[in-house]
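We just call them A, B and C in the order they show up, numbering each chain from 1.
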């Protein structure tokens, strides 16, 4: 490929995605803040909060797609990085409460006061500083991913083994954060936040600002992912996904490639978690639950892995379905729907929504091209894009 | 330490024992003590009609001291909640096991219409303790040695100095060595807690307790005040050191036993998973739900038995076993045929699809049976416990270990000696080569999946005896099962066995130091690190492929 | 590979993309559009119907539907019918917050009955404060909270834990001298045990006579812990276990107790989270005599209770359906809310919140419970012994109703705090500094 890297990065689909995302980030606040509530175009604050949450999920899905869709690493523990980022943000928000907690202790968060703690544990130091907290949002998930990945990839743990130990990782963290002695608020986690950088966290303007920032973060991370996957580096990643041993024999240090992408992906998940917490108002150990991580994987599968746009779409679709199905008469059927999605997607839509669409488009294009250029060729288009059809992928 | 004493302490046994000793014990007691005097017994009865615990306690004391031959049946009826009273008519009646009413004052059948406000004399724990002590001293000379043994134990517990005369008499008459030892210990217990007993007696009593060597003896020794005579104190120090050594030793044995028991539960839950993973390379996330289906099958079987054939209750598990195997196996084959076979070669997708299946199954069971726990009873042969030396072994854990052993052996035998086993091993080792020599791999896959699921189903029968039967049952075991399989290595049942037992025992030895949660985290971290060292588990199949 | 997907997207693709996105957006907007003008009063029900908490919470959802049904038969409230809006937060705490927001902002419910775990309550708290609505919380909890928008109809620690310990220290309770505080590791057991430890020490119990043990949620292997309890209990002093073990872990715990032969006469276990519903999953014969402390038992003989049980079993078409304490809390809370709305003559949350303190409603055990200025209610306390049929036999009860205390006087952090939403308008007024702590309005 000889075109300029920027052009390669921003193909039509990606440009469209970014434009839509930008439009979304402008339209929602405008419709919420400027359009009067009586107008039919008004977007309620409820919807703003909900969409903000979905954007964060979209970012989490994007980070999973980067490693699953392009390197073939199925992490069933990505929720751990998401939650760690969330905890870092939560700790900052807790320290901002100051004397407004129910016990009015200037230093200690409420849960420490009523468990009779006398001083702040050392790992809470510095979190009153926003910059430090944001650094930790990236650093803690990144470090964990780096250490974990360094061990795992170096000893060539792959496929389902890797999936299972990522699950063990998040499960161990779940058990740990449940412990009240751990100093993170136990099962209740961190909650009752007041403000962020001095802005009231419940104000409509703050909510809209958080939504816009989430969109920006998603857009930025999307660009980073595109930059990675469209570069030469990205080609090697795909090679690793499709034939790890061959890539190694060609002289590439497979472990280093994997480790780099895994760490980047974990940092992105951490950012998603950090943006999620102020919008949802609580972070607690249930975010570490293996079931949550697996659910995030299905967003990617529904949207289409290895497409970057698909996972974001998948996160929206699945979570909207969840919102829809957990209300009223449909309530008892939500798990049937979710379970059905898992089964249906893997059986009938292995490429996901976007993947299937692209595949179909490619087929149509092939046909029309074939028709145009009189030399008709038989047979299907080689399935270049769909990881699921690659023999031996990830096993 | 009196060697290995096996002491049946099943709760049901207790009740049955008391029912049977009712008559002979009363007769013997009368013969042993004194002529019945009418007064105090009758005077005590109105105290039972006020529905006040303190009045009942006073009446109970009076009745047991009355010497009346009606005392023991009355106390037994009270214990079994068959003693009824009418506050209006001031009457106390005994309901016999077959539903007849006796007048407690005379012991004769009650004539006339029963009072309208008849209700049970209520008990609380204090009264139950008083009752046990009273009945204990009344049954010290029962005909059956087991009853005498239990009576001696209950005197040991109550340490009531008032029973001393009866105890002495019983000791003199006792022939059975085991009962005699128990009586000696009961006597020693009383001597130790009696402040004015002679020092020499106390030293002898302490020696008896030292030989008993358990927690209860230790507890008694701790009650001896620091101002006791020096020779008594010396004996106490020596006895305590002795018992502590003994307890520490048995503590280790106990941990080992608990670890074995936890390990066998893990093995049972994981072994089906190991087969499917080994043969098909498929991670079945719905495995836990197969366990759950087995447990619900047990519940249904017990429900049917309870309503239709109550006599068969002790056989309910035996009936449930094959049914659970069939139910879970059939569901497994259905899953394989309808979903998994389309996903071969895509293990990660299989993982997601089976996770979806597990969600659907959970919610389906929730819809069918309701979200609450279901009661699955223990048959009598799985209830209770016995002492083996210094540790207590519960029957349900023992049977689960035995059962796991049988399942493991059967499975091993099947893999080793049957055609299906041979083909399964072939497919595990080299799928394409197996297919090339004419093995129908698709059929093997379906059967393997059915077998793995069926075993999960019978694991559910066993787990229903120790855990909740609820839609969430399977979720609790799935991650642990994965750990066992990954740790033990794929395609080798021995790996699974060693993996399960190692994890179980490690967990139980960590728990006393680190607590249940940290222990579990430590084990998880250990597995994560172990996998780095041996990415294919402890017992990996050797092969030449660079990528298995 | 990436090329194949994206370079394949040509112009028509983009157009279709746009159309698809617009479709999704429109579908979303349609589903989120506000409900039409209401001619009913909407009541939100926020209880998990799937996931781990469904086991306890489903019954509470049914209870509220039943109560609404009964109320509508009597003509509803303020001349309008009540309409239940049921959502399923699926035992997922962030989803609780989302669903609470949905109920209040989208469905415009006038009151919400919901939550079970403390974390779910903590998760929805900011939403109720922000959108100014009313939550009735029916479960016994750790206290240390009083919010303007929340009404706590379950027991505070002084209405359950402390009376239970008092009973065990009494002559009838066995004069217990040694204590095992066993709980699941989360905030309710932690706080309750902290309070109990302080209380026991104040009563002269020594440090070495208290054993505290925490286990994770859903703990299934109790062999070691039960053996430890047995060992701790054989030190020559009467020992009891105070159990704050949470729902699911109780069944294996009690099974192990029964099998290791720990009888209530040796070491009684008094539980705060085991009621009729939990016992329904157990063979209770080996457990006879173990205790539970609640503010209600199904077995309590009272005309109101009998009437309620009958109506409930008819409504659920299940003659064996049990009732339990949190259900009674919902019954009391619901009737209080109905009375308050009728008194205020409006469903306006501010007015209803102002009217609620002082409102009285009969409980099912023969007394009249009253909403206090601290948003907790007065309740009787009962100690029940487990019977062989899975019900409880009440062995002790308080003479009068006990007022719920939001802040424990046994914790150093909260001993100076009081809650009073009537005169002080504050949930955490500090009596020493004479200031409202800060989280109040």
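Here is the rule we go by: a residue touches a chain if its C-beta (ideal position, glycine included) is under 8 Å from a C-beta of that chain, and two chains touch if they have at least 3 such contacts.
Keep in mind that this is a model prediction, so the values were computed, not measured.
Here C is the chain whose Cα centre lies closest to the centre of all protein Cα atoms.
Counting contacting C-beta pairs between every two chains, the top pair is A-C. Centre to centre, using the average C-alpha position, chain A and chain B are separated by 46 Å.
Note on chain placement: the centre of chain B and the centre of chain C lie 31 Å apart, centres being C-alpha means.
In chain A, the residues that touch at least two other chains are 175, 178-179, 332, 335. Residue positions 49-50, 185, 214, 216 of chain C are each in touch with at least two other chains. In chain B, the residues that touch at least two other chains are 363, 517, 520.
The part of chain B that touches chain C in the complex is made up of residues 9-12, 53-54, 81, 122-126, 128-129, 132, 157, 215-216, 218-220, 222-223, 254-255, 258, 261-262, 265, 363, 366, 370-375, 377-378, 383-385, 392, 394-397, 465-472, 476, 507-508, 511-512, 515-517, 520. Of all the residues in chain B, the ones that touch chain A in their complex are 281, 283, 339, 342-343, 345-353, 355-360, 362-364, 367, 479, 482-483, 486, 517-518, 520-521, 524-525, 527-529, 531-533, 535-536, 546-547. Across the complex, chain C is touched by residues 1, 11-14, 16, 20, 40, 44-47, 49-50, 53, 70, 99-105, 111, 113-116, 175, 178-180, 186-189, 191-193, 202, 229-230, 234, 238, 280-282, 284, 286-287, 306-307, 316-317, 320, 322-324, 326-329, 331-332, 334-335, 354-355, 357-358, 361-362, 365, 384-385, 387 of chain A. Contacts from chain C toward chain A in the complex involve residues 1-11, 13-14, 16-18, 21, 24, 28, 31-34, 49-50, 85-90, 92-95, 97-99, 101-102, 105-106, 117-119, 122-123, 125-127, 129-130, 144-145, 185-187, 190-191, 194, 214, 216-217, 411-414, 417, 427-428, 430, 435, 437-439.
Against chain B, in their complex, chain C makes its touches with residues 49-50, 52, 54-55, 58-59, 171-174, 185, 213-216, 218-221, 223-225, 227-228, 230-231, 234-236, 248, 251-252, 255-256, 258-261, 263-266, 268, 277-278, 280-283, 285-286, 289, 385, 388, 393, 395.
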